[in-house]
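Presented below are the structures under discussion, each in the form of structure tokens.
You will see two complexes here that share chain A, one where it goes with chain B and one where it goes with chain C.
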Partner chain A sequence: MTTTTAAPAATGRRAPRRQTLARRQAVWGWVFALPATLHIALWTGFPILVAMLLSLTHYDMLNPPSWAGISNYTAIANDPLFWRAMWHNLIIAAVGIPVSMLLALVLAVLLNQGVRGTGAFRTAVFLPHVTATVAIAMIWLWIYSPGQNGLLNYVGGFLGIPNQPFLNSPSQALPAVILVTIWQGLGLKTMIYLASLQTIDQQLYEAAEIDGASAVQRFRHITVPILAPTTFFILVTSIIGNFQTFDLIYVLTSGGPANSTTVVTYEIYETAFQQFRMGLASAQSVVLLVVLVVLTVLARRLTGGRDD
Partner chain B sequence: MTDVLEQAEERAAVAVDEVARTPRRTASQRRRTRRLLLFVLLTVVAVVMAAPFLWMLLTAVRTPQELFAVDMPLLPREWHWENFSTALATAPFLTYARNSFVIALTHTLSNLVLASMAGYALAKIRFRGSTVVFAFVLASMMIPFYAIVIPEFLMVRHVPLAGGNNLFGQDGIGWIDSWPALLVPGLVSPFYIFLFRQFYLGTPTELMEASRLDGAGEIRIYSRIISPLIKPGMLTVALLAFESGWNNFLWPLLVTSRSEMRVIQLGLSVFRQEAGTDFNLLMAGTAMAAVPMIVLFAIFQRQFVNGMVATGIK
Partner chain C sequence: MELNRRNFLTAAGLGVGGLLLGACGSGGGTGGGGGGTGRVSILTPEFAGTEGKETFEGTILSGFPDTSFAVDYTDWNRLNEKLSAAVAGGVVADLIMLGAGWVEPFAHKGVLAELPDSLADGKAINENLFKVAGYEGTTYAMPYFVDGRILMYHREMFDKAGISEDALPTNLEDFREMLKEVKPDGGVAIDLFTQNLRQVWAHLLGAFGGSMFSEDGMSVAFTDGSGVDALQYLLDLVDDGTIDFSVQGAEGQPRPWQQKVAAIDLQNSSAWPSLTEQTPELVTPESMGMMLLPSADGGDPVMFQGGTLLAVSSRSKDPELVQELVSFLLEPENMLPAVEMVGKVPSRDDLDDPIVTDNLMATYIIDNFEYATAYEGGSPAWMEVRGAVEGEIEAAVVGQKTAAEAIDALASLANDALTRV
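And then the complex of A and B:
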């Protein structure tokens, strides 16, 4: 500011100078933003338009696409396998998410007591989250091995339980998948809860204790209500994440046995890249997109436009 | 008035009595037992969470005979570390790892530069169209990869004049089975632009103005003055980008078929067919695919957890 005193003539030119400064800045704004914006326009914006267009065609990658109208969508509406996959997504979400959230909440409260070695516990709980899902699936493939030396049957042997088929059984495969999702998702949920717990004012607990509230009452009437927005955040991100499960199913079960574990993303993959019905698969992906966008918008509405 | 005082006095006396009656030792003992119980409980949970990884390592060093023995001991009778070199000889894991590393590093660097530039512009520079760009970034974040994977695949396959394609992108395979296919689509992620914008919002604008008056250029202000202020944020994005690069599976599965182009996670899933039921080799390979991320996590535990907690994503 003080530098202007050096040149008295500058005062007269101040207004236009400001304008050019603003304009120069605007140019720089675009210079900085353009490469990334163009990339997203080309690799996300354009593809989503193509996907919608492609969903109205029949396309097998050998012959040029032919107009199909809405026939792909009517085909999906009448495709029991697609709805079965959607149903599996819903079951995995409806069973796995509440269980892992409850476990995560309890674990976070325990970790928040400041016991010695909390860092090591945190590592153990969070490790499945940073490990590649393919590697995770490979490990569980062996844990669920139907032979006597898969970990579960091995432990079961000591308890006198006969060998179970697990992933080879149409009735046990989906529960087995759900167990892996619980184990894998526990770490992140626990850490999110723990982060929120640490923001709670300890005086609230002290005041309640003085008033004679028991530990359970304090948990029920202080912790749970304060954590409600966090719970909602975890719930929504988990549901959205659940609809994008693919690697786990691909490696663990390939959707089987007898389609008992197939999910929407796996159906899209099968339709597009095994059967090469690109139009139909695009329509399936548009249906998935609509489901996820509705969920996301609903979540934004309910959280009052919270920006995360 | 006196009544109230008397009552209060009485209550206080009762309280003092109660405290006196409860022996001090039992109270601290009870607290100690509670701590111990908590410790044991958490240890059990930690062991259950870590058990699959331990089982992986224990399996990786067993002999095939032991794996199918009826009386398999919990700990291997002999530790066959050479299973790792056998796995390496069976499948080119080092090539797979190198490919994954190249992708993860490229995506980390490209996002640190391109996404941070865009996030900086959206947070700190007022320019016409910035709200539109930001809305576009937010909308892109909502789009799941599975909704655009088919068009992206077709785009990569029909790149004009690449991989035997003609000017109209026909007749060849385009970028399939080549580095551009693995690298280009993931160069920028809208999510990291959003994260960077949030980080830059917390930096002082006065510093930019002062630097401008000092004659600093815009690139210098961005790279040397403001960006160093968000180093922790940079590290968060770097870790998230590296992790998703290393753990990526579906896209490489679609765009590569040659063994030399495979990434580690894909190589691992292919190795499963080659190793068959040799779970010792399979677990050795799995350990090699998992360990680099585990080491990185061990070093940057806090930043990893903070970054992922703030975003709620995998």
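And then the complex of A and C:
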């Protein structure tokens, strides 16, 4: 009896202590999370809320905002240039992201072979990512320069290819921009893939090899599934990064010629800082946010919903 | 203060404006504050770089007594957003340098202070240049520099085509025919695409006797046929093969005219320093000829006028001091080092100094000040419209739209902007 009565008593004494500990841990958890929470609330949450609010106003920065209801959203719906910019973003994403991801995966697999000079090659691949976009754009401006002053036309001249206008042509400018985005984004994607590849247990490959799996089968049935969360991460960040592209367009083409390379962020900039229609620019930003959320959900579905 | 929706929106808007200003502001933290006696803040798109700063502050401003200066340097591409962000944040510089066509929008918003006409007394500034300095009959700015657009041509190419200086065309139809004659092999007759296409169209609009807005700036005027005619003329030149959209200058490289790929260049006079530095052999009186764009009907030629204006902020705490500074900057002894530094044309036509007289473009433009007209701007809605013009004109030039469609689209944008004034 003594034993049976003593045990619940002991348990009864321990339970409050555990609750106190859990509560303490929770409190400290919140304390540690507080700076980041405040930071996000102040610098992300508040601006988003203000942007949503301003999207319902007419505001030119020089006069106080006035209530506009949903007229800014109606204006966006009827603005062919905004949707053209959105279409350009989608084209850049649809063409540029898969190509750059595929190239990055191939490069990462090659870099993971451990051959000599890999370190230097990794650095070379990563260099465009750490180079300022403005500098990259200036270099590509020279590469794409029309006439024999441009590197591509100069090289093409040796091969008998006539001078191409590249960025001065409405039909060539967007592909030219896509090429730069692929080149610029390759480094980071490759490094992320490479880091993931290096975490794969080699015993899996050895076991598959013993079972008679070919190199392609090993890649398809071991590498690709294990890299799925990485692929999802790269896909989502690439989509978001693609829709945030601004500086490259600003320096390379300013959205031209004839708006053939304009993108959503450039249109938001033009609306906000050239036309001073901050309400409309805020509404455009909200629409962009919604599109990004939709694309992110779609990307999650496409990659099987795995992000662990 | 009563808490209502309007107040909340205002506070939110100003909050965003403040954040934008914080993001855009220079590291020096010296811009504005309204100034006070003995301290003047200046926002300028001129005098960039170490040499420019040294000239402006070390040579020119240092001669203005008992005053300290906080100068915020920017460039023309960013001046608009910088100025508007400053207005939203309530920290507008006391002295603002702005461009032709900018006075109407910012005066309409109450950003600029009225200036007494007496400020120009004894300054020898050509009367014609003041057309861009006022709004609704009031003067808000003083012309400081002028950027004229003139046609520069290679004499050897004209000689080869048998066109003498005495027989230059005096109307646009003859000019079009002449272009076919002077076009070099593998090149273009005239480079119209290195310049901002908006200004090229505006220049042609002037040649066809049109203007962008009505006198009061409250309605669109280029829909009277002149806008389409000007753009169609450009498209006709494309069809003739005398201009080519793919032949245009690239960043950091000599212009097609300097490479002798173009016989004629529609040039901004502010390019004189780079022309003399890069290709001095081409800009001698023996090698280079100059002319103004003829008008369509053979009347007076036309010269597009841009430039830099000096304006005083309506929020300046010491407007008299800033007006004194404006007057000081327009004095010959202070204007000459400024002109030498920026290589632009002074607004005064009485500066008989090699700094001006050795600049062939400057002397040509000063001689033709009477034809100078700011063919763009002229409406409070201009700043909202200007960014959209180039895209529409380009769309027509590359064949995506007809001239009429592009002008209709532009008119629609402009009318929409005017409804918000």
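Here, the second predicted complex is superposed on the first by the 244 of 308 C-alpha atoms of A that agree within 3 Å, B and C clash if a C-alpha of one lies under 4 Å from a C-alpha of the other, contacts with A are read in each partner's own complex, and residues count from 1 in each chain.
Convention: a residue touches a chain if its C-beta (ideal position, glycine included) is under 8 Å from a C-beta of that chain, and two chains touch if they have at least 3 such contacts.
Note that the structure is a prediction, hence the values are computed from the model and not measured.
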Which partner, once the models are overlaid, touches more of chain A's residues, chain C or chain B?
-> B
If you stack the two complexes on chain A, which partner ends up touching A:165: first (chain B), second (chain C), both, or neither?
-> second
Looking at the overlay, what does A:149 touch: chain B (first), chain C (second), both, or neither?
-> both
Which of the two partners, first being chain B and second being chain C, lies in contact with A:138: first, second, both, or neither?
-> both
Could you tell me if A:84 is touching chain B, chain C, both of them or neither one (first, second, both, neither)?
-> neither
Considering only the touch criterion stated at the top, classify A:44 as touching first (chain B), second (chain C), both, or neither.
-> first
Touching A:293 in the superposition: chain B (first), chain C (second), both, neither?
-> first
Tell me which partner A:273 touches in the superposition: chain B (first), chain C (second), both or neither.
-> both
Now for A:127: first (chain B), second (chain C), both, or neither, which partner does it touch?
-> first
Which partner does A:54 contact after superposing on A: first (chain B), second (chain C), both, neither?
-> both
Which chain A residues are contacted by chain C in one complex and by chain B in the other?
-> 47, 50-51, 54, 61, 138, 141-142, 145, 147, 149, 273, 278
Taking the complex as given, what residues does chain A use to touch chain C?
-> 47, 50-51, 53-54, 57-67, 81, 138, 141-142, 145-147, 149-150, 163, 165, 168-170, 255-259, 262, 270, 273-278
Chain B residues touching chain A - in the complex, by the definition given at the top | 35, 38-39, 41-43, 45-47, 49-53, 55-56, 59, 67-70, 72, 114-115, 117-118, 120-122, 125-130, 133, 136-137, 140, 142-155, 184-185, 187-188, 190, 193, 212-213, 218, 222, 243, 246-247, 249-250, 254, 264-266, 268-269, 272, 279, 282-283, 285-286, 289-290, 293-294, 296-298, 301, 304-306, 308-314
Residues of chain C that touch chain A when the two form their complex | 5-6, 9-10, 12-13, 15-17, 19, 80-81, 84-85, 87-88, 109-111, 245-248, 250-253, 256, 259, 261, 383-384, 386-388, 390-391, 394-395, 397-398, 400, 417, 420
Parts of chain A lying in touch with chain B, wherever the complex brings them together | 1, 3, 21-22, 25-33, 35-37, 39-41, 43-48, 50-51, 54, 61, 107, 110-111, 113, 115-117, 119-136, 138-143, 145, 147-149, 151, 154, 183, 186-188, 191-192, 195, 233-234, 237, 241, 243-244, 246-247, 250-251, 264-265, 268-269, 272-273, 278, 281-282, 285-286, 288-289, 292-293, 296, 308
